[in-house]
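Two complexes are shown next, each including subunit A; its partner changes from subunit B in the first to subunit C in the second.
On to the complex of A and B.
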């Protein structure tokens, strides 16, 4: 059962501000999302638990250097940048 | 009341792989900000991490070198937290099924500091706080780490210091990390609590972060121990919190509660499949490990008769022990080789980093040759010593400085001449000796040794002197 406190806590952990008047609506929506996901728990299954549908394990890459992207390209989608860094403004 | 310190460590060590843990970007230190990055390590949507085989191997090596049990099945989990150093807002780590379980680090007092487990994870980016804003560089983001989690078995600052040094030593020996605390390739968080001596129940702990040297760890722990004891003595209670150490003021202060609001909501990372480590692979890796420093030290003591303190010095860094092993090849007394290294050579490699690199102008083969001349009685100890100095100055071999005439002992006639000369020149010492001062003979003996340029056999010279003045 999702509570208002759960929503508040998740908002805090995600650094999101949720206005008081939206809390009830969000609690309701979140409950619906979880109920939807829960249908999977009720699916009839048989046999052993499996890890992934392809039953894969040990997928590795070798330790070989691949060329990185240029910092211009890496920073292309940054909301703000300065001196080749992503810039995070202090909002306080 | 007397209080006992109880501490456990979480130690992060950057693995010496060439590439990051989930992508092929270089792990090289430095470089332009955000120039060692790709869509995977800056967490763009739709990218898929792929685990670096070498990182897993290194972590298994770390587990075996600390007597851990390598898990047959190991999995990656997501640790969720929202902070700019993590572009995905989660760190890929391990909680439920880490790679290595248990193990221990043995201290010189015989106590074993048990390890809870060792897991692999990705490093976060670097944040630079300036003018209230935060500049983010993801070059370090995605560099493979192991986290070594100890049980709360540490009981003193000295034990803490030794624990960190031992970990550093072992990880460097097996070559999986350079473990440089100053550069951040080794970082320790300390969980610390106090309890009245003789009691069992653990006190409330605090966690100290942000220490970048072993000395800082020791100072921070000292400060925090005193702080907790004072708090309890004055009727207060220790609050469980995370503290940041400030080395400028040598104090700890609480991190803002926001940074400390932990609810990681760990869950299995669906992007990464299970790691199965076969027993054959574990044994193959175990066999590939070099002899560990503790075993080597024990062997030097037991088999070569090296004093414990010296054996520890010789095994502190892998390069030194390799030098020693090469230089003692086929010599009669490994102790002699050890003495030359710890005495004369160490004077030229004064700092810890010099010792670690151990780049000595005299090769181990050249030292070996010198010691063999000594072994065969062709030269005396004093001459060997002064020759080694010349070798160290020039990088040339022993035979460059020792002529044929230097080799072989002194003939009787020369010995008598030298003794007579010593007696003539040290009348006072002769008188003293005759007056019963045994020690006065040393001055005479020193004179003979000096004038023979180290060729005289000290015992023979002493006997001859006694005979002549006795």
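On to the complex of A and C.
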């Protein structure tokens, strides 16, 4: 059972605001999707634990210094920047 | 002959210059994009610059590669250095990547002529292209119908001949489903066959880049070009299965093509009949059709939505209004700033999936949903492995229905999720799948079927797709739009 409080709580965890007037609708829609997801609880649990696809696993390499991007280039996309850093103001 | 080979021949025999060809595509885009909304960003100047380089090479008598000078398009979630890449989300408007996706690195080095970036569901979350912040892309067969999603813009552009080919991404069907709706070819390669570097992530264990084309030859040529090992993608394997193009037109006599009953039950009659007719075509080509049960399939859809949303909630945590993209204008404190930025920047479907993903990962629900889904993912993989002991290829519908009318998908999320039922199992198991057209419904809208292969067996499914294309060319119908080669 998905409650209004559940939705408020996961919205906080997700860093999303849900306006009061959308809360009931969203709770209902989440409930419908969770009911749908619940169909897997009828599935027999087997020992086929999933750990990889196509035998792929992380490939490690030596930690070598290679050329990267300049901070100037990276900062081009920042909404705000100052003194070669991302700028985050406390209020606006 | 596919569009790519035709264009290559036109360029090398000097029937037209690359600049002329590019201009005719740009002209057709200008003429029809208002109605189709396939492109969200047309990069005409860059395209003409590349065309000039290719023309110079041809004029000086240099050999050109098969993809050199051939116009194309990229889905707007593939990073293009210096060119806006938005994922069709307000939150990434104005974002210009400082690096190229590996696939675009490969193709741009071969002087592929990019005409522009194409429309998609926001962050690839959707099945109709309508969650795009630019509005959806229309179906070239009937503009009152959707192009499908999420790579709807690429499929619309290729179907309407305003791009000879394009690259899309497929997390739960996003290449195959719009290809099916638009009556063209879409290949979702094996997980690991194509580098995901520079593909803006939705669900990393399911995402894969692949070609959307008019013909099977074109899909094969593009796949061979982009399937390369890349040390910037930790799950990259590259071209394990070898070249596919040279294996087209191999005899399929004696091949075993499997049909899972669960794939056929529950799809609409016109779709079912078209797929069963295709099976008859394969029989006439000497293949053997075997029926089998794949009961694990009935859990594929919830498993997919749980895993995809869980991964999305984590991947989309990076959008905070600090480093790139949209930032809210009024706030009080950093928590408020991030929440406002995300709430204003993401669309409804993206927010719904982030919330669902956070829910299934949160304490108290993790075991019942995420862990259980991962366990069932193992079961589904095993079921496919067993199935492939008795057949070489699995034949299935791509979508249980044909393209829906514009506006229909938005109203009911669960009903829309159900349209992905035939495509998601392939992503869950990391298998290759190609969708090709196999008929039309009473209204003339295309029906698609998919051929699913063992991991890294792209050559097998593309060959079988090619054989069908040769045997049933009437299902590969052109539309009224665009450049006629």
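We adopt the following convention: the second predicted complex is superposed on the first by the 67 of 92 C-alpha atoms of A that agree within 3 Å, B and C clash if a C-alpha of one lies under 4 Å from a C-alpha of the other, contacts with A are read in each partner's own complex, and residues count from 1 in each chain.
Operating definition for what follows: a residue touches a chain if its C-beta (ideal position, glycine included) is under 8 Å from a C-beta of that chain, and two chains touch if they have at least 3 such contacts.
This structure is a prediction, so every number in the text was calculated from the model and none was measured.
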item: First (subunit B), second (subunit C), both or neither touched by A:33; value: second
item: Partner chain in contact with A:41 - subunit B first, subunit C second, else both or neither; value: second
item: First, second, both or neither for A:86, with subunit B first and subunit C second; value: both
item: Touching partner for A:11 - first (subunit B), second (subunit C), both, neither; value: second
item: Dominant toucher of subunit A (residue count), subunit B or subunit C; value: C
item: Partner chain in contact with A:56 - subunit B first, subunit C second, else both or neither; value: both
item: Which superposed partner A:68 touches (first subunit B, second subunit C, both, neither); value: first
item: Footprint overlap on subunit A, where subunit B in one structure and subunit C in the other make contact; value: 9, 13-15, 51, 56, 58-59, 61, 69, 74, 77, 86, 88, 90
item: Parts of subunit A lying in touch with subunit C, wherever the complex brings them together; value: 2, 6-7, 9-11, 13-18, 26, 29-30, 32-34, 36-41, 43, 45-46, 48-51, 53-54, 56, 58-59, 61, 69, 73-74, 76-80, 86, 88, 90-92
item: Of subunit C, residues touching subunit A in the complex; value: 94-96, 98-99, 190-192, 205, 231, 234-237, 298-299, 302-303, 305-306, 313, 317, 320-335, 337-340, 342-343, 346, 351-352, 354-356, 358-360, 362, 368-369, 372-379, 381-382, 413-414, 417, 429-430, 455-456
item: Interfacial residue positions of subunit A with respect to subunit B in the complex; value: 9, 12-15, 51-52, 56-66, 68-71, 74-75, 77, 82-90
item: Of subunit B, residues touching subunit A in the complex; value: 17-19, 23-26, 32-39, 42, 44, 50-56, 80-82, 84, 89, 128, 132-138, 261, 263, 265, 270, 272-276
